[in-house]
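Two complexes, one shared chain (chain A), two partners (chain B, chain C).
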Partner chain A sequence: MKVLTVNFLTCAVKTCKTSPEAFPLHFRDAELAQQDLEFNPEFIKNMLLRLDWNAFRVTTSELGFSTIPAEKPEGDALNDETLLRDLHKVLLETQVMEGKLVCGHCAHEYAIKEGIANFLLPNHLV
Partner chain B sequence: MLPTPSTSHVSFDNVYEPAEDSFLLLDALSAPSETAFLQHRFPAATASSGAATPAPLVVEVGTGSGVVLAFVTAHAKTIFGHTNVLTLATDVNRFACEAAQRTVQTAIKDVCDSDTQTPTTSAAPASSAAFLSPVLSDLTSAIRPGEIDMLIFNPPYVPTEELPILPSTHSIDTSAGSNQGVSSHSIFERDSYLLSLSYAGGADGMETTDRLLEQIPTILHPERGVAYLLLCAQNRPEDVKARIRAWGNGWAAETVATSGKTAGWERLQIVRIWRP
Partner chain C sequence: MSRPEDSLPPDLFYNDLESRKYTTSSRIRNIQASMTNRALELLDLKHPSFILDVGCGSGLSGEILSGVPPEEGGPHEWVGMDISASMLDVALQRDVEGDLFLADIGQGVPFRPGSFDAAISISAIQWLCNAESSDVSPEGRLTRFFGGLYASLRRGGRAVCQFYPKNDAQRMMISAAAVRAGFGAGILEDDPGTKSAKLYLVLTVGGGELESQGGDITGVVKGLNGVDIVDARRKAENARRKEERKGSKAWIMKKKDQLEKKGKIVKPSSKYTGRRRGPKF
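Right, the complex of A and B next:
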């Protein structure tokens, strides 16, 4: 799964939906892989408009990416090709192949196997 | 006609095989009336101002082989008029998630190869959206409320006496079998069960669709959101649309494509659900 995916996911447990602690889910023991994709600055700019920047910062710091600015780039900063290429690399080219996503509210762990996260719940949580 | 994505790598022993319903969705989503609607709802950044617009997130629920999402992803340029689009698939069947991943990636590569006469150079602008991931989950349960701009659902719509029980975290053994000591009989049972999840809809074929409809007002983006839902005649589509309109708050439901007309009845139809 692309790192960007986790910006749109939350805990599958119903009672967690309204909890701010359930977003973003936290990566644990993540094994990463890189996939080369064509760099498209227009795509990055449009995608940034809908990205939850604070959640993205949490995710990237957990995965060990240190070059992400504290504030979402706007205006002239969007012409900084180095920054856009960094974002392209983290958001689109970085895949999480194995590991877990953990809910910060209920502590439930969702396993990631071969790039696919398993959000099916055990019977007692459905 | 846009090419249909290849699913030749998929084992249809345990993943729903693309059929008339899948192809009706492809036709509906690439018809001029629907692409005009989508291009108006999810406009590209205007050339004059250069202002960016939020990239829409397209989610196919119960993606199966992934043929529909692969089509939308690979042909984003034609459907949306631009490729600043994100796509994501969900399914309760791990085999389907794996199949869909490959179907989408293959479709992106195929359309890219046909765009650039020489496949080794990728200088031409891409025609495809960005595919995020398949997610093994029940309906939209793993997706953050309000994030989905376009939802596509080809549900289990066949009326059946019973609704199969949904799989839980570890209930399906997806290991290959032979070296695990799993008998061919139990593999057959497992595969029959997985296929039943793709078609068995319970009472009126609506039990799963009703659960999805309940989620639509919270899961879709409050302004931009639109859903495409496939229904068959036994689902009583006129009643379904009337119920959606009765949500109030500006919700609309219209049939945008039909197929298999017999004796005045449309066997299958696609309903668009949105707030104009």
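Right, the complex of A and C next:
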């Protein structure tokens, strides 16, 4: 699972839909892999607007990245290629291959295997 | 011909063997690719976008999204949801670029509001009509799916779902569920009446460019070749009779004129005057 995706993912349990503690989901025992992808600055700019920066900082600190700026870049900063490349690396090229995502509200654990998260739930929870 | 949907649940039907057979068949690959390209054409994306592929399977649809060149507004990034672990396993072996989830779309779409620019679904959502058990119904699952999909798309976003309804009742059940979720919706049919007829449910989330094109599905496909819009054909047939029919634009304009002359306040006329709002199937 890519770091980008986690920034949009919510807990699938019905009672968590409106709970602020349910987002972002938290990584546990994450094993990372790095994959080189072609740089797509337009995509990063498109996504920055809707990226939840606080959640991004939570996620990246859980994964051990320490150099994420405190504030979301905007304005002229969006033309800074080094910054866009760094974001591209973290958001799209970094993947969690094994581990769990845990909900801060209901404590449900979503297993991640070979990069694929299992979001199947018993019907009574959705 | 028997439908796979009537034989087994999707996660059991698409087992290891069937998933491999499905993905390696050059006939299927060609059909899925051409339908995905058609869906992309209908989405009309201008920039590299974040797309949800609903029932992504082994990635035959998604890989087309990754392959859109910059001249054509790509490449796009996609997230895929599928209920079949075997299909996803084939996707892994094929090294597709999308981010994959083992998930049941009938349980909802677990992404925060406004996440995606667009969504596609190729040959998947008819499966939602086959779910009968003590605790779930097709209607309930369709409602959860379309409700979740609607919320997960940004305003102005679109979804295109190619699907194979078993009959008219299924077609209606699916499109009605989409409308209930809040989507502007229309159905487009390619090669109608032939063996290779294809249905596309085109869905819009309020406030996008669609509105400026007249707010209905016919606007989306205007100017595209080989399009046969169920909606528009009916319109053309009725066009002659429409002129002075009660409720028609001409009729409303006349009434407005009469009322205004009597000194009544009438709403200014626009290009929307006399148009039917909402979807027609």
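Basically, the second predicted complex is superposed on the first by the 121 of 126 C-alpha atoms of A that agree within 3 Å, B and C clash if a C-alpha of one lies under 4 Å from a C-alpha of the other, contacts with A are read in each partner's own complex, and residues count from 1 in each chain.
What we mean here is this: a contact is a pair of C-beta atoms (placed from the backbone, for glycine too) under 8 Å apart; a residue touches a chain by one contact, two chains touch by 3 or more.
Note that this is a predicted model, so its numbers are computed, not measured.
Within the superposed three-chain model, A:M97 lies out of touch with both chain B and chain C [touch as defined at top]. In the superposition on chain A, A:C106 makes contact with neither chain B nor chain C. When the two structures are aligned on the shared chain, A:L48 is found in touch with chain B, with no touch to chain C.
Looking at the shared chain after the overlay, A:G115 reaches both chain B and chain C.
Once chain A of one complex is fitted onto chain A of the other, the partner contacts of A:L32 are absent, as it touches neither chain B nor chain C. On chain A, the surface touched by chain B in one complex and the surface touched by chain C in the other have residues 1-2, 4-5, 8-12, 23, 37-38, 40, 42-43, 46-47, 50, 92, 114-121, 123, 126 in common.
On the side of chain C, the complex with chain A involves touching residues 47-50, 70, 75-77, 79, 81, 83, 88, 92, 97, 99-104, 107-108, 110-112, 114-117, 135-136, 144, 154.
Residue ranges on chain A touching chain B, taken from their complex, read 1-2, 4-5, 8-12, 17, 23, 37-38, 40, 42-43, 45-50, 92, 110, 114-123, 126. Residues of chain A that touch chain C in their complex: 1-2, 4-5, 8-12, 23, 37-38, 40, 42-43, 46-47, 50, 52, 92, 114-121, 123-124, 126. Considering their complex, residues 45, 52-55, 57, 83-84, 86, 88, 92, 94, 97-98, 101, 122, 125-126, 130, 132-138, 141-145, 147, 166-171 of chain B touch chain A.
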